[in-house]
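Take a look at the following structure, please.
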Amino acid sequence: MNATIIEAINDSLTTEMERDDRVMVFGEDVAENGGVFRATEGLKERFGADRVVDTPLSEIAIVGGAVGLALYGLRPVAEIQFSGFLPPAFDQLVTHASRIRWRTRGEWSAPLVVRTPYGAGVRALEHHSESLEGAYGHVPGLKVVVPSTPHDTKGLLNAAMHDPDPVVFLEPKHIYRSVREEIPDDDYEVPIGEAAVRRVGEDVTVISWGAMMEPTLEAVAELGVDADVIDLRTISPLDRTSIVDSVKKTGRAVVVHEAARSGGWGGEIIATINDEALMYLEAPIERITGFDVPVPLLSMEDYYLPHPPRIAAGIERVLEY
Amino acid sequence: MNATIIEAINDSLTTEMERDDRVMVFGEDVAENGGVFRATEGLKERFGADRVVDTPLSEIAIVGGAVGLALYGLRPVAEIQFSGFLPPAFDQLVTHASRIRWRTRGEWSAPLVVRTPYGAGVRALEHHSESLEGAYGHVPGLKVVVPSTPHDTKGLLNAAMHDPDPVVFLEPKHIYRSVREEIPDDDYEVPIGEAAVRRVGEDVTVISWGAMMEPTLEAVAELGVDADVIDLRTISPLDRTSIVDSVKKTGRAVVVHEAARSGGWGGEIIATINDEALMYLEAPIERITGFDVPVPLLSMEDYYLPHPPRIAAGIERVLEY
Amino acid sequence: MTVVTANTGTTRAESFTVRASAETNRAALCLYARRLVSWYEIAMSNNLSRQALDLDAPWISQDTLSVEPHQIVAPDGSYDPDDVPDLTEEAFLDLYRWMLFEKRYAERMVKLQRRGELGTFGSSRGHEASIVGSGYPLQDSDWLLGMGRETMAMLQQGVSLRDMILFWRGVDDAQQFLAQENCMIGISVGGYLPLVTGIGWGMKRMDADAVVTAHFGDGATSTGASHEAINFAGVLDIPAIFYCQNNQWAISTPFEKQTNANSIAQRAIGYGVDGVRVDGNDVLAVHAAMTEARELASQGNPVIVEGLTYRRGGHSTNDDPSRYRDDEERETWIDRDPIERYERFLQSEGLWDRVDRETLLEGIDEEFDAAHEAADAYGPRDVEEIFVHLYDEMPPALEAQMASFGEFLETYPEMDEHVDRRPKG
Amino acid sequence: MTVVTANTGTTRAESFTVRASAETNRAALCLYARRLVSWYEIAMSNNLSRQALDLDAPWISQDTLSVEPHQIVAPDGSYDPDDVPDLTEEAFLDLYRWMLFEKRYAERMVKLQRRGELGTFGSSRGHEASIVGSGYPLQDSDWLLGMGRETMAMLQQGVSLRDMILFWRGVDDAQQFLAQENCMIGISVGGYLPLVTGIGWGMKRMDADAVVTAHFGDGATSTGASHEAINFAGVLDIPAIFYCQNNQWAISTPFEKQTNANSIAQRAIGYGVDGVRVDGNDVLAVHAAMTEARELASQGNPVIVEGLTYRRGGHSTNDDPSRYRDDEERETWIDRDPIERYERFLQSEGLWDRVDRETLLEGIDEEFDAAHEAADAYGPRDVEEIFVHLYDEMPPALEAQMASFGEFLETYPEMDEHVDRRPKG
């Protein structure tokens, strides 16, 4: 079918719930209302109120409940309405989801997915625009996935639901409906932990993910530079090989992310390049990121976001070094 | 007085409570019991039950309550018994403490300190050994401080209590009682945001903080290398100048931290060096860190910790590159 | 009694009776929740007697406690004169004007949003009595942290209408002006209740003649933060009022899916604080309860006040309630309109003659127009605004980010194309 | 009634009475908490009638609800034969042996810890009836997530004593063996209650003939996680038992500083679940209540059971309770020893003749010795253990870390000096 990202999510959930009776979808407003972004529309009608469940406004219990369901053999897919409301459940991720397999030496495991829309640009209220993938990526045991296309969204979400371990699935809500492409009907997987090369080039490596792929590709196109553009797709575990191979080829790199700069995932990427390709570098790696501030409210958020001109300027700096 | 780190904390709290009636100390077991590590011993007797308060077992309300007290003009110093129990309150840090000044455009502010013992090596139970400074450092608006000596501990804690903004104060509990030195009686400050150079050298820059300073200095001493050893003392805001200046001089760097490697603060340090001193580097920067796993239980935790031989091996690799 | 001897595996369940009365009660609650009958009737019949159960231990359950909602004026406008609070005529009329204001404000704001002038907006239609009655008894020194659906209560504290418009436009400065009046809007549901506890703790410590109020919804009561905050306040005798506007919906989640308890007020029992449920569409009842609440709180007894009301519109302008609830239900609540009920009261009291509804509305519209103009006139803000006010003293790295972004904007005017909203009110 | 007309600033407080009865009740509670009188007496006198207050709204408070603790055998050993659960003689004797076992286990473990053989240890001295009575009615298919102070309940589920020793030695494998018996120990207080809700939700979804039990302390009830978990379970009709061992202390924090409520059981009211408080030193009362609790839960009624007991020792071997509480208080509780009380019961029932205490103790000691030996014999583990089992499939970067650490250990034997504990049981 031809689908947007939000439709791809819905299709992935439908496909998987059809295939695997253990899959359960729950969260705030996901059943009767079909989700505030309509990601879960129609699921309750199709799969019943036992498998698609509206919960109380309880992020801790949503995530912790998902862990418990997974322990009992179910396949929970929990929705957190906006990623800005995942921090209340941070402890459930750190203390249980990420390490219950480890704690029980493989006896138990927590195959669950926490889906949540992240990022700015939709003119919402405070706490509706955050990008905290860096903090989640730092937690050993958690997989952190951020798709950027409809095809990858379905394939990665399918993979997340098949995955034997917990996956935090960050959805680029800013582009939920802005891209559309053909996606297969079946439960195909886009493997977690593998980056995609969106564009092949020789002069510079540009690395990004999620909602930032669009302005990144736009900036590259406008500049007309010969760039390798890597879409990480998975933050953790990080596909170091793709990054390092590309930088060895180009000798220059730019990382683009929406999260605040300091302590963001850009640091890990630079450290990876340092580890394995330092001597290939012909210029310092540029980080084009959100600033070290909370995402501004809607009247100012565009100044915060890495828009194409800012990305282009960064690429130019690296090329001209 | 001659003090250990734990005594320095107690002395700092005493000095500050004496000086400033607004300072309040609270948390689980801090009043009657004087804290499970005795950091707050004697404070309740001295300053009364209004200012030194045992709270319910409620990390969210401890941190959120501190924000509220600060808004009302008090100077709260909250204790979280172990840093592994700070994640339940992560949302209070992200959503309120770090940004209430920003939210109210400077009208309100949250001058508070959250003290918490972090790190492994004390043979405790699960969740008693974590190092999550990387996640806290990534939150814009939070200051994150990690002292490594009694003198700095008191000076930094004094500074944190004087600071107009929220400070997460991570105490290296492993060395609470293992070092002892002379500390002034007054409310001197060690400035937040300034690293200390523990040893001056030419051949390599070794950067660490908190409980890892001891094995780091030990490794450097054993190797007999001519190293600049930097004790960050503050994770955020990061003293980039000290790092960059040193690396420009030595051309080689090693970062040592206890937290898991991926997404840890080492990445930010490497990115900083990349930004401003890349072309001075003669070898990839080494990260000697905890592995990408939860801190093992007590019977195995020593394998996880960066002990001197592992640090020394890293320094050698950088020197021999 | 049933005896299960686990280790031998034998279960002798012969004498165990299915808990029929609990089921009956649950059914009544659902009925109630589904509002097929009036909540007044159900609320009054809460005290269903539990059928004899074959349980030996003294279990407590929903049947154990009956929470009687406080009501002064019935939906049909009738009341017992003895119950009427001893307010001045001016105060009675004032309450009316505030309710009309809240209603008109919500209508005008929805229109502004439809015209693209606001980001989103959460209407308070239906909550007028709950908002006005809960805000009116507060004092100047009191603090009020809410969630966005208590505007007139904030205006009573001194907040200006312009700033509410700025708030919904996503102008950062709005919360500055709210803060100047000891008010804040917390967008993360429930998460600000610990702050409320902390502020109240500060009041206690400073021996202030003040209380702090949290305004929040039924949804917020399911958060861990709300639990810790209220329990903590109970232990420390904090002068805090936890005012829950139970409008029976959290976006699409009805109250009976929010909790299996019959009321929020009864949570008080579990925290060792005092609680009361009031008819949130009866402004006098809300006012009376909040007045008592404020007295209790100032004496160091934190309280939960639950105003039972109904969200007549969508959750916000983004929401389409027809996806998840019946028109029928909404109709029922139109009949229980808080303003019309109060009008009947004013008529009975002979005060209605003193009300000129049209003139009042004109005055309100003028106030709104002026606020709207003031919001439009709110000066352009500098891009630096996104960097400042995070720290008292900006750290060097952030200074550098600000400086280089400033340079960037000068060098790359094409950035302008990507800035959708101009940084002004 | 007090009328505060906020906007004019006038407060007419003339008629407001200080809440004398609430104060009285609070004082009683503190007394109770300070245990200067027997909690039995206080618990029975909870139903203090509230003095006439000058409050008009129907406030509910601690006076509104009286929670009667369930007791079958009084501290002096007396009981009403009609109340005695219908257990086999074997079961009656079994309960005794389990209690003796819990006591002996705790004593032996404290000794092991003092000898440096354990990291730390949390003794259950005083909780024997609460632990044994709450674990005994559970079935094999049930799950039990606890916090470390419910060992015999876990042993009843099939956990081995060796593994409890391994657990307190910080041997990672211990929780593997617990998990095999559907048990887990959650060290972060309260945080595992949402997992319990999720497990119960799974049971409901799978229509399993099983319930899940959370064992936790009074301290845990103040966490947001516990609130969300129990409320959630109430809404979704989850077969979960929330068993609170209220030992009246959370390290140094006494129950009256944990919450201002009179009991934990009464939280049930706020969640729409059923709750009961039992005398946690009366094994028959705990057993009876848990048996009923299990029936209720299997029918989709989650419950809170509060066993009121007392932590006779320190919080753990690291703790020195003399810093924060009186010996006098402890003495009182020695008189209420759960085992001695049950011995008197067995005597009255004529079952004591069948008990050979010394032989029982010998048997227990032998079991302990065997477990101790097995723990000592527990094979050395490979360093790889710290890397494996985090993921089903190890990510490449972690593989690389493991490989290079392996090489490092071979190259740098001096690392051995820094390894304090050998990686074996």
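In order of appearance the chains are A, B, C and D, and numbering begins at 1 in each one.
The definition used in the following text is that contacts are C-beta pairs under 8 Å (C-beta built on N, C-alpha and C of every residue); 3 or more make two chains touch, one makes a residue touch a chain.
Treat the numbers as computed from the prediction; the structure is a model and nothing was measured.
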Most remote chain relative to chain B, going by C-alpha centroids? C
Distance between the centres, which are taken as Cα means, of chain C and chain A, whole angstrom: 34
Where the centres are mean C-alpha positions, what is the separation of chain B from chain C, in Å? 40
Find every residue in chain A that makes contact with two or more other chains and list them. 55-56, 58-60, 84, 88, 91, 95, 99, 102-103, 126-127, 140-141, 238, 262, 291-294
Among all residues of chain C, which ones touch two or more of the remaining chains? 172, 188, 191, 222-225, 228, 231-232, 235, 257-259, 390, 395, 397-398
Based on the touch definition given at the start, go ahead and assign the chain network to line, ring, star, complete or other. complete
Taking the complex as given, what residues does chain C use to touch chain A? 119-120, 169-172, 187-191, 219-220, 222-225, 250-253, 257-259, 318-319, 323-324, 381, 383, 385-387, 390, 395, 397-398, 401-402, 405, 408, 411-412, 414-415, 418-424
For the chain A and chain C complex, residues of the former touching the latter: 28-29, 32-34, 36, 54-60, 84-85, 88, 123-128, 261-262, 291-294, 296-305, 307-310, 313
Chain A touches which residues of chain B in the complex? 84, 87-88, 90-91, 94-95, 98-99, 102-103, 126-127, 132, 134-135, 137-141, 236, 238, 259-260, 262-271, 274-276, 278-279, 281, 283-285, 287, 291-294
Contacting residues of chain D [partner chain C, same complex]: 1-9, 11-13, 16, 18-19, 22, 55-62, 64-65, 67-70, 83, 85-88, 90-91, 94, 136-140, 156, 222-228, 231-232, 234-235, 256-262, 265-276, 278, 285, 288-289, 291-292, 294-296, 299, 301, 303
In the complex, chain A residues that touch chain D: 24, 50-51, 53, 55-56, 58-61, 63-74, 76, 88, 91-92, 95-96, 99, 101-109, 140-141, 164-165, 193, 237-238, 240-241
